[in-house]
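Have a look at the structure below before the remarks.
Per-chain numbering from 1; labels A, B, C, D and E assigned in written order.
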């Protein structure tokens, strides 16, 4: 796992040289965001995620690449348990076959279990190969969905109140938002 | 997470000023209800839930909004482990596609696991986008089902005996109740 | 949760008044059977279960009613962890739609997990709404299956050797038994 | 649960009477094999398993019968946690309907979870009612598959190297073995 | 389980005889790779895996053969908990029927759970019998996929940065790589 840390804090602080202890404490206070991605995916989704996170927050980013989406649950859990990440993004591109759908289901189930074991969020960003009519559109979709979910990760970590403001408004990632809908006044549903 | 607390108890009690310690003990005795909802949903289901709970009980309500239904299991677990909620409502509106059904299944499985890990109830309120013929009816259904399940949450927490009185009576949430059925006297089922 | 306890043991035992301590020890030695049921079901299955158990055994019965079958796993686990039940019956009537089948699957998975976490049995009694041609037959089926499984619960708790005597005999609950089958003497199965 | 123990070791050993302590240590060193079966099955599969195990090994056999296959996971776990079994065979005959297939899936998932919680093997022997054209063939299949898997259980416990010798050779239980296949020398698979 | 250890380090080191303690410490520092395979598979996939690992790394290899893929999760977990493996490869060949697909799904779910319980990777290599038109091609596919995933296991353990270099490049195991795709510049996806 490679750590993309922001410029190390060094030199003098308040007129006094920063000791080693001070130096060690500062990075610990900084939030850590894990990025787990795959060699199976056909788009470098992690690059899109890292770019958004660097724009939006001053966090340490730890990236961890595994072969396929079924390797993501333990990768995400290791990022939390061993690399002390506060949140993880799990990026993958399942294939179009039935077998691939099943793989995605198994990976998702594992990602949810990993969250329950750590009490921390894993933002799953899966782009299915059959979601777009051609490769260029698929790549655009993958990039855009990853970017929008990177924003969600930052909000969960730093600005949860921003998500509450968007609650029930039909947000979509990678597509246009569906938007909110209004209930009819006197509707009554039969059985 | 934002806490919607009832009016703070302050001033004098039994002719004596309430000390800080007394003040801290009182809120602990009050039940805490978590509301986990999503930005994906197209209806502000949490508003409907909060409104019913405020009418029915004097509880602290802690709301936590996440992007989608797959983020609800860990959100609910955090509400219980970190915010000490006694019960949680998990509100979501899965889309109509096969992939969305699978997401709902994964979320439900996670919500059940979170309950088993905490020994506390999570009332799942999912409204599927294909449950209603048009958007207005869908919104009404979402509002009504959430309200009726908010009542269930209050009953589980404060009046479990009211649920036992309704046992086996075909209660439905969002639709008309199905009602109880009677067994035939001398029926005999072949193999 | 309401406890249906047998007549309290009080007064004199062996010519000496029963002390509080004795009184507390006796109920602890008595087996406790939990009944978890739902308001969604259209038949009061718990009544059928309780009636059989009272006939067959001298156990404390603790009943706990929840809204639907997905609330049963944690209800059963609470009956075991908090109410110290030795066994639990989980009673429910899933609807006929695909979504209902999925709910039943999720509930069953959770019930099995709850058993593995507690090392105690949960006898699941689910009656699917599409198992019978009409409501009266459905209600009869629900009642009969519950009664036969209540007998299974009593056997597991008090007479496990009775189940071993019935092993491999094609027992069915709610329907006629399928019965045992005999193998052919010289059969040989191709690939 | 009934224990079918081999003849108790008693009397004199090396010219000295065997003390109680010696007597207690010897059975502990003996392997314990659990057999979990059901009253739902239409064939006494446990009998077939016990017969093979007695021929092949000098183990204590503990049998535990439950109503159906969904009760097998906790039965197997109890056999390991409470009866200290070193391995368990879980025997069942799922019915032919879709609902039965789902039951089998839930039971299998639970059996795998029980193994992960105990770090011991559970050999699942399930015979589906629609695997054979008639009842006699079905019963033969059930008997034969159970016998061959009983051999597997003995090998896992006493002779794991025998399984490694058979690795990749297409072994089947209840049917003829599929056998090994050879790779083509210069094959190349397109995408 | 059989250990295929590299040549034992013995004799003199830096002019002094290597003591027993030194001898015991050195192998502990060496990485341990577990190989779990099945007698059900029709190809000796473990041989292909071991050959690649021996070429690429100086690790101890512990092999453990079980009957079928549903036995792989606990086998992999035992390899990690009892044999202290740092990573495990789980090799299997599910059959072509619906029932076999379900077995593979259950095994995969268990393998992911085992990883989350141990925080170590299990590289699943499953080759479905219906992935190739004939037996020779199937055997070639099994061999090639196993070899490529053995390389992935070595990379995860020794050279994780090599996987990050391949992130998002559409790697496939057993087939030709799919390769990376480029996003269109100004694409915009409707809802």
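In this section, a residue touches a chain if its C-beta (ideal position, glycine included) is under 8 Å from a C-beta of that chain, and two chains touch if they have at least 3 such contacts.
Just so we're clear, the structure is a prediction, and the values are computed from it rather than from any experiment.
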Whole-Å gap between the CA centroids of chain A and chain B: 27
Rounded Å distance, chain B centre to chain E centre (Cα mean): 43
Multi-chain contact sites of chain C, meaning residues that touch two or more partners: 109, 113, 172, 178
Overall pattern in which the protein chains touch one another (line/ring/star/complete/other): ring
Cyclic chain order when read starting with chain D and heading to chain E: D, E, A, B, C
List of chain C residues in touch with chain B within their complex: 1-2, 37-47, 63-67, 70-71, 73-75, 77-78, 81-82, 99, 102-103, 106-107, 109-110, 113-114, 117, 132, 135-144, 172, 174-178
Touching residues on chain C, where the partner in the complex is chain D: 101, 105, 108-109, 111-113, 115-116, 119-124, 128, 149, 152, 156, 160-161, 163-164, 166-173, 178-184, 187, 189-191
